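Okay, so chain A shows up in both of these, paired with chain B first and chain C after.
Let's turn to the complex of A and B:
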């Protein structure tokens, strides 16, 4: 085994042969997650006739979309070596504010704009506190999590915000708003999934094809090195938080448009953990500098398929949380353990 | 290289094994088997004697409180709810405020944001420290709050429970719905609507919570009276709204034979109704749930939810204060059953105000 490992490294840097290319693909962190995902799917396909149906797969697609959209944002934040714990509160506040504006008779574009602006501002506040404010982002966003949740509770007085025919929203505004959350593109693909795919594509281009993306990795790899090479570290990090805030707001609005009701004490509580878990399973590192959009998408899928599969196979509900936790530990742990052994050898 | 391959293999194996292990244990969610108070099930009559006995028993009013009552100063009463940020809280608060106005006392509605036992306890201790003549408590957790309630009682501070009882404690009396009875009544309504035939699922936000266990025990007792009703599973939906809907979606797809769904609480009730509405299952899946959220009422009006059980929350808040005031004035108090109201198409307009 050791021999093969040396011969593999020995061949490197010469011409890129086919086998070398395959090996490189296999080496990628995403490959492990992808294979785990495929095996899970094959297993579920064997044990549950309901799993591999178009309807169920589209259901999974929809169920993961809101977490997925936020996980794309979280990938940026984590790579830049920060964290955002306030996403669930931004999600609740933006969605509920949009709903209340619609009920108050605001036109759809205005309600959406203000909802998204709330997310952007919250993200900017997180970014400023974590950079110029000198607070660790863990603390800054932990504080913001409570502040924003409190504002949402005050704003709604703890009452549910419900958008429906009897809430006084104009019928065409209502149907347009519902289309965003409940509609299906070409009558097949849930709109939430369409948003997730679009956000993923834009996120992928931004992270891997632009100067900004390069800077995010550089900042997360090493603040100092990035600064020395002329990268504006603070601006880059703040922008990552703003993207996160925007995407959390988008998810929150889509959630309200889907359900179509939200409650400040409940909506989005605890989602930050799923969001962070998805990004981490996909290979994003809490110590910065590492992570990809593809990895995050796979991480989101793992969580979504697990949740769905455990219900389809009639598993006791209490297993779900334990199993998802185990998968997080193993996904990250196996990568670390084996890579350190590799380094030692 | 080989190492990496092994990582992949191990990761996959573990993920599949996790599913396998879980798959083998199948169904039987904890609450079904939970030994939740079988003796309580038999007693549906108000337990007047028991409450009077407890009140007359070891309790002696703290001297400071007796003084305050005698002085005629307004009584300070705190009504602590286990989660002031949930849908139910505003209705309870309204009842508390109405009682305060009617009875001329200073009653305040307090409690933690998000069900949190430690926060609830800390706040109660602080309030008692600052001076309180009476406490009404809806426990976030029976076990966590019981010792605290007993400590207050021992110190001569009157404590009643409301909404969610704390049977483990020495509380003076309880105002609220008998949870097990309400679960029984709800299941009975569903079973009758199904003419005693069909496959049923039960949904709940938190299958391990005491209130849920009590309601589920009652519901399963009612379903057991109908041999044609088959309870397939209990779905634990979690409390986040998107999570709730996803759990309902998955459960319905996993159990295509379902003709009836019983929600044990406020919040998976509208999720079931929405699911029926969006998937054109009206007439095929009958939904019965709890509480009077605006969405729930709307779905009842449009025929997607057959019935919902009302808990009369305003009355619970009102009675909590009323009991304490009565007790402080030296009158005997007894448990108050705030009752079970069935909301369906015939009377939904009264609730839609």
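Let's turn to the complex of A and C:
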């Protein structure tokens, strides 16, 4: 919402005073998240010399990328007032399918294409069930989460899928595949991060600049208002799910290319919660209509920096989950507790 | 209005059936370009079904629609928009998260290509243009709609409706939240649009307005087409008689003599709350009906909500002789206050629950033992009030959402009375309720007063207050600017007080 209001005014030359504009920026959810992020960084910089090094920062960048790519998709879904719990299963199924195709000798482009198509189809199925199928998306995607996970188990017979020299993949294909997951652009920037940055940019343009993005906000704000204005509500929501499915598949393929191994029973289990958490910390609302790409990126960074910082400062890994949970509650709670929209009743 | 022009839209023998109701039964309606055609009828007469058919939200079971002489099917809102039909719904259809300018341009976003960039500059220009045309200067284009009051939202909705290429404008109670001044501005706009050749369907309960605004008036009753008459030939009484199928001269009539005890049911002393209420002092005797009039931002809403513990306040509230601290609705109910809220659908009714559970909801201790509900007690209690208030239902198990507005309101009233309150506070008690049900609710209120309940009504319908109240207080900007006895009460002085142009108080001698 905040970004909508400012982006609408950003191009208005009259009527908004400077102080009003500054107030808006300060009120924006992103500002709070950014300040929290900066405070965390300053703290870590002080306590751990290893934190503010190019190596560590790029490392964080790589670690957050897979969750980040999916969180961009989740932002679309959440703003349209839906939710997708099946992203972890799409992530596993698409990655494993791509891997099996490569092992079976398929050319790289075909394996990637089919992997991504699986994601797109799963997203379309989620979208159709949640709109024309009249199911709440929580239920539809909860069901799809199990169905897709089951398909992945059947497909792999529960066995791990590992891509390496001995798996029978042609050396050229192998090195190209590994480059997407493990390579570095100009020998510096991890490819996963390059993908995350590209997805973020495209996502940002799509959501905040295009008519489609505008429709996503409208549909999430009030589907009745959108419908009676002639906006195709179902089509908009289905497209949001398709984008989500595509990005979950991309993420899953990148993960396999990085590790380079996956197992249907374990890969991407529970990842949907991190993805939703990142978007929600960044200001996306589960009741729709609110959220921005910038906010989501900040949410992803918060989780990434926090995890990294907890490791650097030697905090027990058992504490990490609890602390991240508290951060989610605090991030959303602070927004609600200090919000002017709070009502007495 | 050009008399010889061909109709813009013609509805022929339109029928629509819902489970258990014939919503429309062979209804005819034709609207000329450059005509304001009013549609009146009680709630349940089929007006909203008719609107939804034109909007493409519903499909008729039979009958045909001719748009500009061509037989047309309107399968969805998109097609309706494309035809040039624009609808202003009573329950507003705005995106609360989007700005004023963005809401006004929503239908542009429906037709633009999905991957093209949003033309925000164009949105802003269009919005500024339309708001200027409506003479609205005090709405910031970049404000999210959720931050606007209901009246401003209504204006935005109207701006949105006329911003596109409109041929047929359909308005459903468009001014229910507007001040008289804003309404007047709206009517001027509608006349301007009429002069520009746009056809307008205007649905309203305010019959005086309808007669002065419209060219022709079509009356519906129980889904049936009754009559179309020229507005010049119409009278309020004549319309009401057609709407209800009988003469209703009982509507604002009151048989009670207004005798009341000296006991105070409610006293409010030096009450202030936030920036909206300043030093309010008032009293309601047992058996007295006191009205509160005022414009939408006068503070009357906050005042009644304060008396039900919904806001923090300074000052003193006395109920039944005891000073009480109302910090929550629970404490207000315990002190003997019952409240019927204005927003029936969202706040008043538990729409998904049965009628009997709705009635019992505020009396749970009385119908339970050790925390376990006693179904028999719930049925007995519900049955008592359904009978007493003459609520029309098929069974006590019927879901609240399936009742008409009037019957829902009676159920909510029943829930309030079931707590045996000393003070009954009603907020817009008959908003959106048809004439017949109104009369019955008034009868119930008079009976309750007779039984000694102190009643406080905040309403924006002056005829209602003047007809029902023993005393009327008028608010302006958070203070009381007028007090009228029953014999003094008249629309003009009350309005003048409400607008802050004069004050009027009852001298001590006249008070009981």
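As a convention for this text, the second predicted complex is superposed on the first by the 318 of 345 C-alpha atoms of A that agree within 3 Å, B and C clash if a C-alpha of one lies under 4 Å from a C-alpha of the other, contacts with A are read in each partner's own complex, and residues count from 1 in each chain.
Quick note on the criterion: contacts are C-beta pairs under 8 Å (C-beta built on N, C-alpha and C of every residue); 3 or more make two chains touch, one makes a residue touch a chain.
No experiment lies behind these values; they were computed from the predicted model shown.
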{"item": "First, second, both or neither for A:214, with chain B first and chain C second", "value": "second"}
{"item": "Touched partner set for A:290, first chain B, second chain C, both or neither", "value": "second"}
{"item": "Touching partner for A:35 - first (chain B), second (chain C), both, neither", "value": "first"}
{"item": "A:222 touches, of chain B and chain C: first, second, both or neither?", "value": "second"}
{"item": "Touching partner for A:179 - first (chain B), second (chain C), both, neither", "value": "neither"}
{"item": "Which superposed partner A:231 touches (first chain B, second chain C, both, neither)", "value": "second"}
{"item": "Most chain A residues touched (candidates chain B, chain C)", "value": "B"}
{"item": "Which of chain B and chain C A:132 touches, first, second, both or neither", "value": "neither"}
{"item": "Touching both chain C and chain B, counted on chain A across the two superposed complexes", "value": "1, 4-5, 8, 341"}
{"item": "Chain C residues touching chain A - in the complex, by the definition given at the top", "value": "55, 57, 77-78, 80-82, 87, 89, 92-99, 101-103, 106-107, 109-118, 120-121, 123-124, 140-144, 146, 160, 305, 310-312, 329"}
{"item": "Parts of chain B lying in touch with chain A, wherever the complex brings them together", "value": "1-8, 10-12, 14-16, 18-20, 22-23, 25-30, 83-87, 89-90, 113-114, 207-208, 233-236, 239-242, 245-247, 249-251, 253-254, 256, 267, 270-271, 274, 278, 293-295, 298, 352"}
{"item": "Contact set on chain A toward chain C in their complex", "value": "1, 4-5, 7-9, 11-12, 15-16, 209-215, 217-218, 220-222, 224-232, 239, 288-290, 341, 344-345"}
{"item": "Interfacial residue positions of chain A with respect to chain B in the complex", "value": "1, 4-5, 8, 23, 26-27, 31-33, 35-36, 39-40, 43-44, 47-48, 50, 55-56, 59, 63, 66, 149-150, 153, 157-160, 162, 164-167, 182, 255, 258-271, 302, 306-319, 323, 326-327, 330-331, 334-335, 338, 341-342"}
